[in-house]
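Heads up, the next two complexes both have subunit A, just with different partners, subunit B and then subunit C.
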Partner chain A sequence: MSRDITISVLKFNPRDEDSKPEFVEYNLKETPGMTLFIALTKIREEIDADLSFDFVCRAGICGSCGMVVNGVPTLACRTLIENYPDGKLQLIPMPAFELIKDLSVNTGKWMDNMSTKVESWIVSNDEVDITKIEEKMDPDTADAVFELDRCIECGICVASCATALMRPDFVGPAGLNRIARFSIDPRDKRTDDDFYELIGDDNGIFGCMSLLSCEDHCPKHLPLQNKIAYLRRKLVSVK
Partner chain B sequence: MSDLIEGYIGKTTNGKKSRIPAKLDYIQSLTGGFLAIFMWGHMMMVSSILVSKDFMYYVTKFLEGSFIIDGGSPLMVSIFVFIVFVIFVVHAALGMRKLPSNFKQYQVLKAHTKSIQHQDTQLWGYQAFTGFVMFFLGSIHLYIIMTNSADIGPYASADRVWSEWMWPLYIALLLAVEFHGTIGLYRLCIKWGWFDGKDPQATRKRLKKVKWALTGFFLTLGFAALIVYMKIGMEHADKVGEKYVPTSMIKEAK
Partner chain C sequence: MKITYCDALIIGGGLAGLRASLAAQKKGLNTIVLSLVPVKRSHSAAAQGGMQASLGNSKMSEGDNEDLHFSDTVKGSDWGCDQEVARMFVHTAPKAIRELAGWGVPWTRVREGSREAVINAKKTTITEDADRHGLIMSRDFGGTKKWRTCYTSDATGHTMLFSVANEALKNEVDIRDRKEAISLIHENERCYGAIVRDLITGELEAYISKATCISTGGYGRIYKQTTNAVICEGMGAAIALETGIATLGNMEAVQFHPTPIVPSGILLTEGCRGDGGILRDVDGHRFMPDYEPEKKELASRDVVSRRMIEHIRNGKGVPSPYGDHIWLDISILGREHIEKNLRDVQEICKIFNGIDPAEEGPKGWVPVLPMQHYSMGGIRTKKTGESQKLSGLFSCGEAACWDMHGFNRLGGNSVSETVVAGMIVGNYFADYCIDNELDIKTSTIDKFLAKEEKNINTILSLDGDESIFKIKDTMQRLMDKKVGIFRDGVHLGEAVVQLEELLKKTKNINVKSKAKAGNPELEEAYRVPKMLKLALCIAKGAQQRTESRGAHYREDFLKRDDKNWLKRTLSSWPNENDTMPTISYEDLDIMKMEMPPAFRGYGAKGMIIENELSTKRQEEVDELREKMEEAGKDRHQIQDAMMNFDLPMNYREKNERMGEK
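== the complex of A and B ==
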């Protein structure tokens, strides 16, 4: 049994002067186990070769395929069409990011900018001797670091966050998560004082309005609510 | 000088990022938390009318300090209201930082809230809207009570509600304060991770339930009390200005 489904896509090419943003509807037949990635590929192959969207891994790992599906930012490669009982899907490019064309947005540029702002790397003056075995890390600490390192930079938390949409300079949940990650890494020698320099203002931790849309939409289920509260408690008392 | 340097250069005099945003966030929570808890106590006193006129009368006298000064003094109430007013203004000033402050921000907030259908985002929208409403309604109420603190009592308050046309304002203010306050307390717990424990998501679900229960409880109590004041006010409309005399004193006079 195959259903008829309708996928409506907001098409727009900001680089083409004649292009106007508009919804274009595509009708197709659902196939068993069809993901949104498969559906979009089918549309591009059979109906509209001009449709732009991004995919790489098709397995929820690379973070390229974020888009707004029926209002909710999601990874398209992990979205099953069968979960939409009425067979209607409306697709919009994720807000907050520079629009490339149709569903394709430049999350990379945003993430680069964020990484620079929060200095997303280990900061230490320790000499590293590469002839020696690395210093050991307590397994629980390592687990805690890996847990937060699972972020795939898909940008869904940013596109979900009303604060980030209203205030483009906000480092966003992904940015705050990055600080939380380095603050528990024992190799990073930065102090709370140093972290305050990076996110101790209304574009950082004190800008977060606890809407928890990040927590509720992150496809990797990162503990954003808990980590943001942790950073707030930590940095509010910095002398 | 340091204000000038921090204002223009964006760094403190020892070359660090300003510590003020941290303090503002903290004070926002502190004043919000105080106001919300105060509103619980306030609602308990207001709803004393549900017990009896006498009971409300004695609660009022007690708050006028009848335990210290014989007969109590409304000045005690005025001073207390003034303090609450100051806290209210501080909280509102800090809350303003978070409201959408230009059309673009308002537009994207509206489009996003409508599109994403996410409850906590929606609740923040209510909080922002009710906060904005209270700039006006809260100020009117606080000013009137501060300057008329002698006129609180079973008849005086009921006259204000009915004959002095406060009931429409009180309906709106009651809705605004109960939604704003309970959502605010929920957000306060989330924001600082107070009850996170081992399973923050489970805690959040529980907090949400408590939040709705509190909203329901205080709205019910508030409307019940308001209806009683309206009824008393209606019946007392031809004797506006007459003060309530507790039953025990009537007996003594005989």
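== the complex of A and C ==
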């Protein structure tokens, strides 16, 4: 027996002068294994062709579809309708990002700014000769770097973060995680002093209020709490 | 009229496009990348299992080199590939991986000492030498002689994409996302850029460049059941086709991956089987050894996919509300291995199907079924990546038919192609931009812009009774059913007729909202006709190719026909109002091949209609090899004598390896 479900979406088009933010309710039948990706696609195809949202991989890998579901920021593609016993889901766009329309927000722009601010790349003067055998790297170190490199920049940690909502220039848990990632990568030659220059202020490591909502909601289960605390203690000792 | 001028324009911001942008930017060109989505969201991120490169570091890859990688790639392609391009590729792949290591990809590394692995469903001990400790590790994939696939757990595409995207940010490449190229600007058979629609404001603008490189990936979404991301609609290939000049190559060569999960179609990497996972039927029986006693689950993808469907047709599928499926069992690898090396796979199984694949026994088995996965076909190019017909138009990655994959791509070769082609084609592309001037009138640009504006207005004014969503859905189901894994003349003929009807129906739709921005239905309305043109190229090409080669399998023509079909299909769309592609062919020259056509090693022998030149060329090649070996020449000199190839930059230099002089 398929259930009747109700999906309520906060619709608003900031580019349309006549548009006012309002909740629009859609009623549909649940199908087995239905995710929000399937439900929203169905709504667009059959009920409201004007509804905007973002999906790319629909497999929890690309980080496009972050939204707030019944008050919790999460990846919509991995949200199973069957996990909502009353069959009611309320969707609003993630805060902290520029709203494009309805559920679509500009996380890409935010993440590019963050990446540029924290210099989210290997910094080194060593030239790699690509015809020669690669430099060795300890397997455990490689695994540890990979562990932090799993961030998909979906923005859920940012939407969960009180500091990010108050300080538009805060690099967010995602940005701090990038620094944590490069600080343990032996190929990156930056020192703690260099990292302090990048994030040694209230828009960086000292902006975090340790509310830890970032870690609670991270779909990749990154150890944000530990890494941010460690980074802060390390950078406090600089200067 | 809004016009943006640049030296080098790249359409598509996945791994191939971003790597090509770095090639152009580093040569001092003003480079712009346009992308449908933030570039780190590109479908490249979904590549899980790894990247093939013959480093030969680990025990199971010892003795690997370019020659073995080349031979695997050519056999995998069922001799449909361009062997010179395959050589260029295998020679550059080790350099690509080492470059990426320098840019921060945390490749999984070799660990000295013994470990247990599952090979052919048996526990086996592998011992790595101390001098290899810390070098880049590799795993097994289908259709390869050695363990050649380098990886970062099962998130290889993700780590590669982030490293390359951040490298592009570091080098200040101008990346503009939520921009969609909807047509190419061209005059006198040269491409000058594109008309681009801003997906936020709906505004149309012209991007003018000395050359344009399309790297928009594949066209999997033409099918209903696909592993591809929702953005993989083949728009890059479609706008090239719509120039009426550029051609598309081998569009009928479509790969079906054996193990997407049912019903969502999310891919479970080939690494599952590469690491030792097996396929089981309704009785729990491991059936692949019955069909392919030698390679079993690790035969080429096209072979495994067909055997799975064949087994289901024999009544051995597992019934489910979504139709019959097969079980994938990775529980035999053990929880520790899964939670370290197949973590995303485990997460996908848990979240979407409520199955923990690490649980021993049938509880941990995962439902899988072959689905569309990869587009071997694409914009037909020369070896430099430039269109054979339209000067100044380049293409690389899955969007291109450069042609290193022929009729079947090996697992691990696609993510490898993205960066390798980004390096090679990116450099040729940059050189073109350096060597050529811009000489286009603004009146020409205006003409192309006006045409697209008119098209959007026309679509919004249509007042028919067809729904664009329904047309798309019908096309996708049709492609699954009639242009799928098993093909025959009757169904392909029906598909061609029905697709043509659907294309005509797109002129009789009605878009409900008339807004020019933030209107998803409008986007479908201008994309679906383009998708239908690609679908027609696939179906028509498949209908005319009366043989079976690689992933193209005709039940009414079971043999590979080297006598009549050792050729590449070329599709073009010369007149805007055509409702059918124009098909022509390009011969493959056996007498220039380093590896003349032979038995591929799967199924029964005698399934080839031989070309007499194959034997002749084989004798020639054997004789040359023998002579040169006697004269003490090394493998590089012998290879060079058999089939010479060129590469830009220092990519032609030898690749250093442990244990090789």
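Criterion: the second predicted complex is superposed on the first by the 239 of 239 C-alpha atoms of A that agree within 3 Å, B and C clash if a C-alpha of one lies under 4 Å from a C-alpha of the other, contacts with A are read in each partner's own complex, and residues count from 1 in each chain.
The rule we apply is simple: contacts are C-beta pairs under 8 Å (C-beta built on N, C-alpha and C of every residue); 3 or more make two chains touch, one makes a residue touch a chain.
Owing to the predicted nature of the structure, the values given are computational and were not obtained by experimental measurement.
Asks: Is this a clash or a fit when subunit B and subunit C both end up on subunit A?
Replies: Fit.
Asks: Once both structures sit on chain A, report the angle subunit B, subunit A, subunit C from C-alpha centres, rounded to the nearest 10 degrees.
Replies: So the C-alpha centres give an angle of 160 degrees.
Asks: In this superposed model, does subunit C or subunit B come into contact with more residues of subunit A?
Replies: C
Asks: Look at A:D169 in the shared chain and tell me whether it touches subunit B only, subunit C only, both, or neither; answer first, second, both or neither.
Replies: Neither partner.
Asks: Quick check on the superposed pair: does A:E25 touch subunit B, subunit C, both, or neither? Answer first, second, both or neither.
Replies: neither
Asks: Looking at the superposed set of three chains, what is the minimum CA distance between subunit B and subunit C in Å?
Replies: 17
Asks: Write out the stretch or stretches of subunit A touching subunit B in their complex.
Replies: Answer in residue numbers: 68, 71-73, 92, 95, 160, 162, 165-167, 193, 196-197, 200-202, 206, 208-213, 215-217, 223, 225-226, 229-230, 232-233, 235-239.
Asks: Would you mind writing out the residues of subunit B in touch with subunit A in their complex?
Replies: Listed in rising order, the residues of subunit B that touch subunit A are 16-19, 21-22, 24-26, 97-98, 100, 105, 108-109, 112-113, 115-118, 120-121, 124, 187, 190-193, 196, 200-201, 204.
Asks: Please give the residue numbers of subunit C that touch subunit A in the complex, ascending.
Replies: 37-43, 45-46, 55, 95-99, 101-104, 106-111, 133-137, 152-153, 155, 158-159, 162-163, 166-167, 169-170, 175, 177-178, 200-201, 229-231, 263-264, 266-267, 321, 344, 347-348, 351-353, 469, 473, 511-513, 515, 517-521, 650, 653-658
Asks: Spell out the residues on subunit A that touch subunit C in their complex, using ranges where they run on.
Replies: Contacts found on subunit A: 13, 15-16, 32-33, 35, 44-46, 49-52, 54-64, 78, 80, 100-102, 107-109, 111-112, 115-116, 119-122, 126, 128, 130-139, 142-143, 145-146, 149-150, 152-153, 182, 185, 187-188.
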